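Some notes on the structure that comes next.
All chains are identified by letter, namely A, B, C, D and E, in their written order; residue positions are counted from 1 within each chain.
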């Protein structure tokens, strides 16, 4: 898979050469399909991927991630490092040098003031900024000169590249958004739907949740780009229709997130009008095991809290047996095809912090049965379900409503039945499941089930905040309105201790090693989390579109300025 | 028949039955349809009072209000000593066996989903504690009484002809040995050749059981045949109450006169006297004319008729008329 | 009274015989009745013959992969789905659920509708209130209402009755509670007319109390329109259930209904059109049959038509 | 008639208020949270702040009162301003979508044209198909035409639109490629070419909806014509020596159309509702699609406002149907 | 009475059968009669006796199926209407034969103005322009005694009372000066005082216009007042036919006799008990092989139950012209008609 991405990238790079001589707007119209329609172009008001990515046509960050997760400068002229002096030696500040000569699409100059304003905009306590996490720990942002910005942190930051990087933290124009601070942010309809940007395109028309029309930005810094004079970003429908519109009917050039079942992937590709492109990032579909007791018999407020350890899963052998009974290859084949790959790791990428566990990839039903016998779970009454101390091995397995997840549920239930476990399935409307409503019993945070399944990832390439989720003090419970991120209620002092060392480690190598260890503690060693599938990004592009490079670390439209028609 | 010593079985005084009209933006009560407007009469035990009038004159409403199938607006109805409008629901229920009704449309007055036995047995079910067999025996007895074949007890009403259906309705009315029966146009929906069957039956029953009838009809010749006294209604009010023979030979009220003269008689000899043809139509009971309510069509109208409403007054032995012509102010 | 008629004592002829006689002449309805009978046999008796568990998944990975997305064969006359489950047995099972849901939901709707209709029609005092309520229900957007009901009561229902039965009852109630209004209006109109019929007046003159008048005289006589409404109610309940399932708000995935199967099938429509066609045809055919039967019943129960 | 209309309008106010409360609280009780589609990478504190910024953390009754004011006062002011260029609203707070931060009425304004074009065309077409079929079916009761017509109409509303719709797409758009699968909302008719495109993209959804509507209306028409054919005045017309054409198309039709017209009026709001599924299938970004989209992301202001507008439409069209009845049928006088 | 004039309408051996699923109903069996210019023929009978069906059969107003006019001829001015094409029939209806129906409430189309409905046949049959038709309509309304006629043209039927509506119906029927007016129980739905008005109107119109009228009713009193001749129908057949006075004075058929006796009198001595005709009218599921009245007839003997009697004249005049009866029993010659 990786090979293919590389090849694609190379091919694209190769294709870039002739494009350099191209003329801006020479290739006519580009038609993009985001079946989840775009609601706003301001990434700070919605962190929905679709909104962020559509926004990246217009708004740019200081630096972006390329297809390998490496930072590349956009509005900055270079990536600051300790080596080039951009990052202070004590890791408490980072200084960005801005690209000279960058203009906003309205012709005005892009300056350090815009960068500072963006920080103010997102950190206003009343603004409801969706990307607040990107600016966490930032003490101040100052302009050293009109083209130099210094970001100071309130503590040493071994990974100082969170603010102003990636499509989730683009720079807004101060002049346009000056009146949109705080509570006014939401009422700035015009600004949010037609932001002035530095990117290759500018908005001409915006129909909420429907269609956006954009024209090439006349003030874009590269006079030869973009190749398309006009872009339409259409919304509506579903993944299948979106894939079909590119792959079969050829109505669109590119369709985002065409996650469809594998058989149809093959059939659509046979249409010959387009290709599916994929890239793997950090999104892992996993089964989380509840370390606490979700029994409805417990009083409300004590279900799934650390007061009551889980009666069955407290035994590591049992958890391992659950993992061994699963055939992850089948899951991929049934559910994802080219859009996924089996994994045993919580952090599957980038390479420097991904563990190389593969042991779980082979299913071992017999081994699982043996482990359960060892743990004392035996089928004594011959009904096919194991018992221990008069208690049946019966569990509730929940996830959100989603065709693939329901297939997974059915398959996993089959395997677990096979090793003598009774499984009850429950599927919850995603709006409820992921809704975080503290009053609802059905949120994934409340975890009123024995095991549950969903997918999660982390923003950018650095896993530190991700691993922080499994600290003891992040366990959700009634005290914090169930808002903690440690869904499993996993608590291991050793893990907490090891995580602390991450806060001081610098350099990919050193940080990667610690992340791998943390990853293994959660997966391989304790089987608290059973990773299933590394889900890639999976989109469709027309064969007539060239210059496209799939990216799983940033917006898929990250290099839209380089896209052009096949000649 | 008119025995001065006996008290009337039914005594109706100043009976009014108004149906309110609501109109306007707020559905205010803006008027009334005066279906029955101040009607008084009495019926002696064993007597048949005929109540005649044209459609819409309120004669059926009188019958229904007497039995309190409608809640009368005001007035008094005494039947066999009880003040009917004042009775509490349970007392009224207890009273129902003494007063019964025979309806106009024998098709509509029988529940199509019940068998004849069920229909005739319903009053027994409601008011007696007879055993199943006793009840069946009584049902058979009633069927014999009205001339229905017992074998039909399990049939449904649709299997019967109009005349037979009316017999079923009569049997139901008789089930509880009533004293007083309101016959609401019992023959209007029947064919000519059947009408006589039903009327004869009603007369037989009256003779045998000593029943008292209020016989409501628009058929003046039939009323002449069956009634002892006759009340003529016009637009919610009684125009004239007279003994039968007196009325038919010498109607006093101009409306009664016109009504009688309008009836076509099956006698082509041309012996019939000159017809009185009334002009125009009956006014709406929602908006009756001022003064005498017949003044718009009366061939003998006088100025006073348009101003003052005539009262029903006794003008001769047993004859009451509401007309300025007969009893001047 | 002629002598000939008294001689033979006829057995009481039930009115339903007449209805049936009339119904038999409605060709469409008869064909539909037979088809529906076949469908019912297929759904209710079929599983006794075709005993494959609709949720059976081969646990051996290799076998399972081989079993997936099979075309028609003797082992699986309608093929298998993406998890290797037998489609024929799933359609049977789904049909059972769909028909059960529809029937029970219809009963709920008819019960509520008839009650409201009779009360409103018979008691003038509550008429305005009940009809306002009906109008309000008619003006409510039902999709969100269904959603909310599913959400609010799902847990309670599931904890008391178990997840399958709980969801079943909930869906049935939800559909019932949101589809009684037309029945109520029809019944009310009918009761208003019946109330003025002389046999009701006759019952009152006998002194029959209101409750018994309703039970003995009103209800049996509103049976015809109610029956027709009930038949058509089944049709609309099947559709509602399938729309709910189609929007993902219906039964859990291991509890297939026709709507759910269709919903799942739409995903695979391009590759395996038959996955959409079978449940789609099942739904359409059933609803079509039920509608035809409703038509036939309406004609058969209409006294005006019957008289002809 | 005027009194009647006024009275009905007055009565509609409490009804609508009650409905608005029911809708508002019901939708509010509904499962889901506007934060559901926010990636899990966004930490809880940030989520809480976002909720607060939308006002979603306010108690429901306060939001209800605010919404009422916005719906019945602020939005009409903005409407007046937009029409006459005045400035009555003076920046009063509008109902704003949580998801897109766009005023809900602006969103509805953007969606309405699509819905109206498709639903309107389909409804008109449906009526045009339905009337002749219904009339002729009734006139020739039990003929083969009647049987076929009845079969067609029973089919029409027995087969769910999500089935027919998908089937049509599969056959005509995907396999045969005759029609586009995605509805282009930016397309405006400027010349024959764009008109042709418009026709092409509307063809499938309009067909599905029109057939569905036609099925229902033709049934009503048939029943109504049948009922009137048995009336005495038809016999009178024939006894006067009127040709069958006149009897059918003048005497019978005029009477039969009275209930049909009211059914058509009553059906309009439900068609908007029924179009939700059709819009979903054919990817038409109309009102229905906006509602479904909002439900999926728990965009409460949008759901509440759109559903309430549906309710208003239903109440309104009920009134219109009654008034139409009064106009068409000289016997009815509302006082 | 223009007795010997050529009849305007002659019906011979008319047969009508309703073919329904439940079986055939022989509603009209071999009915013959003649109508002379200016004559008023009263047709009496109970419901189901076939009197209305007979008249509807004449000009094809019965819905077919189930009705089937399967025999006989109907001669209007020499042409047989039963053999006429639908188009020819249409030109007869409304133009040469006018119709008035029982229920004036439902017989007028509620959504068109009265004027519109009167003018329809005028424009259709007489080829008048709209303006001419309006004038004629005003005349007609005035003729039938509707005051303020020009204004009332624009009114809808529901704005008229029952009696007025029946006047409108008569105006429509008379619009094209028909040779024959068929009135099917035109006063049954009306009150007696209104009925008297209508009867008076018809008498007037007869004098003015002189058309022939067939008047169907079940009320012997009405017939006695206006008819020249009477035809009593029973069980789909003509039981007795003759000049009104003769039939009333010397009823020959037991049914006619019973019918006259069963009606109470308004004047004269009050009868102690009504004479009832026991039993029910027959249901005509088969063509009658016996006298249909036999089961209820007090004078019935074996022949009555075996053979359907043919009509026979009781005097020298031919059948249809004078007084005839369809009965095997011969009424005693002595005059003993009840309560005369």
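As a working rule, a residue touches a chain if its C-beta (ideal position, glycine included) is under 8 Å from a C-beta of that chain, and two chains touch if they have at least 3 such contacts.
Since the model is a prediction, treat every value here as computed from it, not as a measurement.
J.: Which other chains touch chain A while also touching chain C?
T.: D
J.: Specify the chain most distant from chain C by Cα centroid.
T.: E
J.: Between B-D and A-D, which chain pair is linked by the larger number of C-beta contacts?
T.: Between A-D and B-D, contacts are more numerous in A-D.
J.: Quick one: report the Å distance separating chain C from chain E, using the average Cα coordinate of each chain.
T.: Centres of chain C and chain E (C-alpha means) sit 52 Å apart.
J.: So how far apart, in whole Å, are chain A and chain B when each is placed at the average of its C-alpha atoms?
T.: Chain centres of chain A and chain B, defined by C-alpha means, are spaced 88 Å apart.
J.: Could you give the separation in Å between the centres of chain C and chain D, each centre being the mean of its C-alpha atoms?
T.: 26
J.: Chain D to chain E: how many Å between their CA centres?
T.: The answer is 55 Å.
J.: Going through chain E residue by residue, note those that touch at least 2 other chains and give them in order.
T.: 278, 280
J.: Residue numbers in chain B touching 2 or more other chains?
T.: Where chain B is concerned, no single residue meets two or more other chains.
J.: When you check chain A against every other chain, which residues touch at least two of them?
T.: 244, 248, 429, 432, 442 - these are the residues of chain A that touch more than one other chain.
J.: Mind pulling up the chain D residues that touch chain A in the complex?
T.: The touching residues are 31-33, 35-54, 93-94, 96-97, 99-103, 106-107, 110-111, 173-174, 177, 180-186, 283-285, 289-290, 293, 295-298.
J.: Using the touch rule from the top, collect the residues of chain E that touch chain D in their complex.
T.: Going through chain E, the ones touching chain D are 59, 61, 90-95, 98-99, 101, 103, 106-112, 120-121, 124-125, 156, 158, 169, 172-173, 175.
J.: Under the definition above, what is the set of chain C residues touching chain D in their complex?
T.: Chain C residues touching chain D: 27-28, 132, 135-136, 138-145, 147-148, 150-152, 235, 239, 242-243, 246-247, 262, 266, 269-270, 273, 276-277, 280, 283-284, 287-288, 291-292, 295, 304.
J.: Touching residues of chain D toward chain B in the complex: what are they?
T.: 3, 6-7, 10, 335
J.: Give the list of chain C residues in touch with chain A in this complex.
T.: Residues of chain C touching chain A: 55, 57-59, 61, 64-65, 68-69, 82-83, 151, 155, 159, 163, 248-249, 252-254, 264, 266-272.
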